[in-house]
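To start, the structure under review is shown below, and the notes come after it.
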Amino acid sequence: MTLKKKLHEIIFEAETPEGKAFDIVLIILIISSVICVIIDSVEPISTNYKTYLYILEWFFTIVFTIEYFLRLWIIEKPLKYAKSFYGIIDFLSFVPSYLSLLFTGTHYLIVLRTLRLLRIFRLFKLIQYVKESNIILIALKESRYKVFVFLFAILNIVIVIGTLMYVIEGEQNGFTSIPKGIYWAIVTITTVGYGDISPKTPLGQFLSSAIMILGYAIIAVPTGIVTHELSKAYNKKSVSTENCPSCGRDGHDTDALYCKYCGAKLNE
Amino acid sequence: MTLKKKLHEIIFEAETPEGKAFDIVLIILIISSVICVIIDSVEPISTNYKTYLYILEWFFTIVFTIEYFLRLWIIEKPLKYAKSFYGIIDFLSFVPSYLSLLFTGTHYLIVLRTLRLLRIFRLFKLIQYVKESNIILIALKESRYKVFVFLFAILNIVIVIGTLMYVIEGEQNGFTSIPKGIYWAIVTITTVGYGDISPKTPLGQFLSSAIMILGYAIIAVPTGIVTHELSKAYNKKSVSTENCPSCGRDGHDTDALYCKYCGAKLNE
Amino acid sequence: MTLKKKLHEIIFEAETPEGKAFDIVLIILIISSVICVIIDSVEPISTNYKTYLYILEWFFTIVFTIEYFLRLWIIEKPLKYAKSFYGIIDFLSFVPSYLSLLFTGTHYLIVLRTLRLLRIFRLFKLIQYVKESNIILIALKESRYKVFVFLFAILNIVIVIGTLMYVIEGEQNGFTSIPKGIYWAIVTITTVGYGDISPKTPLGQFLSSAIMILGYAIIAVPTGIVTHELSKAYNKKSVSTENCPSCGRDGHDTDALYCKYCGAKLNE
Amino acid sequence: MTLKKKLHEIIFEAETPEGKAFDIVLIILIISSVICVIIDSVEPISTNYKTYLYILEWFFTIVFTIEYFLRLWIIEKPLKYAKSFYGIIDFLSFVPSYLSLLFTGTHYLIVLRTLRLLRIFRLFKLIQYVKESNIILIALKESRYKVFVFLFAILNIVIVIGTLMYVIEGEQNGFTSIPKGIYWAIVTITTVGYGDISPKTPLGQFLSSAIMILGYAIIAVPTGIVTHELSKAYNKKSVSTENCPSCGRDGHDTDALYCKYCGAKLNE
């Protein structure tokens, strides 16, 4: 087996022991590098462990760079990979570090540093192997139109109530503009309730009571939709649509070989 | 085909290419005009882009005016349309702009400006075409009595606990009246929790812990109701639409071979 | 028909037109009197409309007094009624007003005034007629043990985390005692989040992030329980447990007269 | 029956009257001792009732010590018990009190005092007897992978949005580091919303509106998962436990007449 073929097996396949080991090492590297970026923003730590973080950062950068070019070299269609979503994510996981050598402004550096956090999306590629996530994704995919319709309705309610509150409460109570009112309405209808803006007038408090109860009641809608779609996604596997060739009845389990009603053999 | 007939097809029908194009243009116009009203309330923008917003506003007003009178002219029963919910919404989408020419008080102007936001309800007319929204509407319609009973129970709980907190906490802790206590109870039971009023006494904190856990547990009730109704709305299709050839009654299960009312054999 | 019999029909029965009218008048009186008690606590209103509220209050008191003694006179077992839950509620709906004549301390008066609000529970007696509420009550009754187990688990989690936060954050960050910590944990796990007490130390913020996500995930448990029980309560009515006397199979609808599988007549 | 055997019956079995009585006494002791620990942290109470709390504490400690060594003496494999989860919990329920005699620093004392609260976990051992809790545990166990995948996705979203907000809002608005931003994102996506940190810039408010609505919509996912698993745990009973008399396999529907694997007639 050529080196290229061997590497392909390690990097792109998850079944062989080497492939599994590679994936686990990669996950550990990604998570470590994300933790580095996160703690690099915490004041006392970033100053005290500056050198260690710097060395670690360049270690991750170089590893990810090598991995990226290995992938490019091994894969059959390098251009297609480079232009795919995960190709771009892989590319963005090391480029910001090199760019930070070119730029010197502090603000640019912060942005570039945080861009390295995009590495986290690399984990999504790996989670696809977890079969549990498929059923959730199917259910979410199936319910996307209904949830979209629901969110559209929420958006309308939120715009109307946010505007009403802007008129009722006015600037003196923190509702300085319609977007601010809409922001407040979203904070309220989702039951987040920061309290940075809260109604002061009796009429405003009455209206916000109404929107709170509305928000409390309509959370049932997306829940109901997703619950139904999840049930459907689960059950799809277990009930066959096949009819019995003898008595013609359906509702057989997918693992059934004989009709449960008349005992005739089912077609496979 | 006469102009009137052609226009009828464009404005009232959604199947033809022209009808679809008209609907899309209308949606874009409505959304743009709503965005205009919203950003018109944001301080620096409304001052800097005063002229542009003014021109845009009159452009939308004139287009909606023309559209309204076209509808009146084309439709068979203009009076019925004018008095319908959407007829009034269509009317209110341009009238406030004309009224703002007559009134000069600042407060009236703000109210009139925000009234233009009612245009947003015009979008609801268009969402009806989305078939995904039907099943949600059916489920909500079916569950309305149960949700009403639930909200009635919530209202009673909230009044009793709001009053109790008014007695326990008193004016010095922000519970200045029973309506304020009820407002607090709603903020709490819906898990919004602004924190503008919060219990200070140990007894008050104990009681509010109770209402929080209550609110956390009973959210299950509307969720359960809507989930059940959604399932029912989806499954309605699994009841056969077939009528018994003998007694003519329907409502048979899809796996029924004989009429459950008269015992006659059903057609397959 | 004697006066007593006629009154019995009006007061205790809901089928006759007079009975219905009586119930509606009673609901209006209860709601009005509750509104009176509520607005009596709002400062400017209670001072400005003192006389009107006073007259109204005595009007309600006298009507409820007459109603109570009428019930006592008409009913077969007056003592049983007087000692029942609703008998006590009916009694408490007018007694506080008379007691307020005897006491003069301001605080006693406030308590007595708010006691009148117990009238609201009289509405529950009337809601029993609404058949929609039965199915919710059945589902809640069936799920009470499971919800109790769930709440017990929550209580334990909340005590442990509240204590941990008391140790971690300490008095200087508002966690002055374990009960305060538990109160905070309840505010957090139920996603209310007042913000009157919030973690300040990094460790405290980390632990509270954990409890938030826990609270966010486990809300699914009571929801799942109630949803399941509601489905069961709904379906109980529609599927008969009866077996076909001919082919022995079950799963027939409750309104089925003939077996849907073999066409034999079902036992009634 | 020897004393040892008799004690084994009382302490380890729940069916006999003595076993039941022992369990109830134990539950009361545990709850009382937990309440003692809790109120011991409340300032005026702990000073005023110091002696009583001290005596009670030692009473509980001695009782739990005796109980622990009785268990060790009676049980067949004492070492296995001592190393089990509940063995450690039982041990930790009395040891901190003895340790508090050795240490004198105030902070150590507080930690030791609160460690006694671990007694609460002893209640979990007893709740296992409640059969209602089994179905919840089964459902939670079945859904753990899916909920884990869900929480992993939440964690990624929260890290990305927390970092974005750190860049957008910056230190001047309370987002002093990425972990702080992540903490804020968790507070927001779980709809807790303390309000200790809240977005101030328009862009930040827009982004937080998005994450709120996201949090509001995706709560449906764990709810759907747990609801489905609960239904499955309940319905498991509706699958027949009968084995095929011919091929011996099970998993037949309750309405199956013939084995779905080999076509043999099932016993009724």
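Quick notes on this one:
Residue numbering begins at 1 within each chain, and the chains themselves are lettered A, B, C and D in the order written.
The criterion applied here is as follows: a residue touches a chain if its C-beta (ideal position, glycine included) is under 8 Å from a C-beta of that chain, and two chains touch if they have at least 3 such contacts.
Just so it is clear, the structure is predicted and the values come from calculations on it, not from any experiment.
Common partners of chain A and chain D, by the touch rule above, are B, C. Among the remaining chains, the Cα-based centre furthest from that of chain C is the centre of A. Looking at which positions face the partner, chain B and chain C present mostly different ones, since fewer than half of the interface numbers are shared. For A-D, the equivalent interface among the listed pairs C-D, A-C or B-D is C-D, as over half of the contact pairs agree by residue number.
Rounded to whole angstrom units, the spacing between the C-alpha centres of chain B and chain C is 28. Centres computed as Cα averages put chain A at a distance of 40 Å from chain C.
Shown for chain D are the residues that touch two or more other chains, namely 150, 179, 182, 191-195, 215, 219, 223-225, 227-228, 231, 255. For chain C in complex with chain A, the residues that touch the partner chain are 191-195, 223, 227. On the chain B side of its complex with chain C, the touching residues are 145-146, 148-150, 152-153, 156, 159-160, 163-164, 166-167, 176-179, 182, 188, 191-195, 198, 202, 205-206, 208-209, 212-213, 215-217, 219-221, 223-225, 227-228, 231, 251-253, 255-265.
Contact residues on chain C toward chain B in their complex (touch as defined above): 34, 37-43, 110-111, 114, 117, 120-121, 123-124, 127, 130, 132-133, 135-136, 139-140, 147, 150-151, 154, 179-180, 182-183, 186-187, 189-196, 215, 219, 222-231, 234, 252-253, 255-265.
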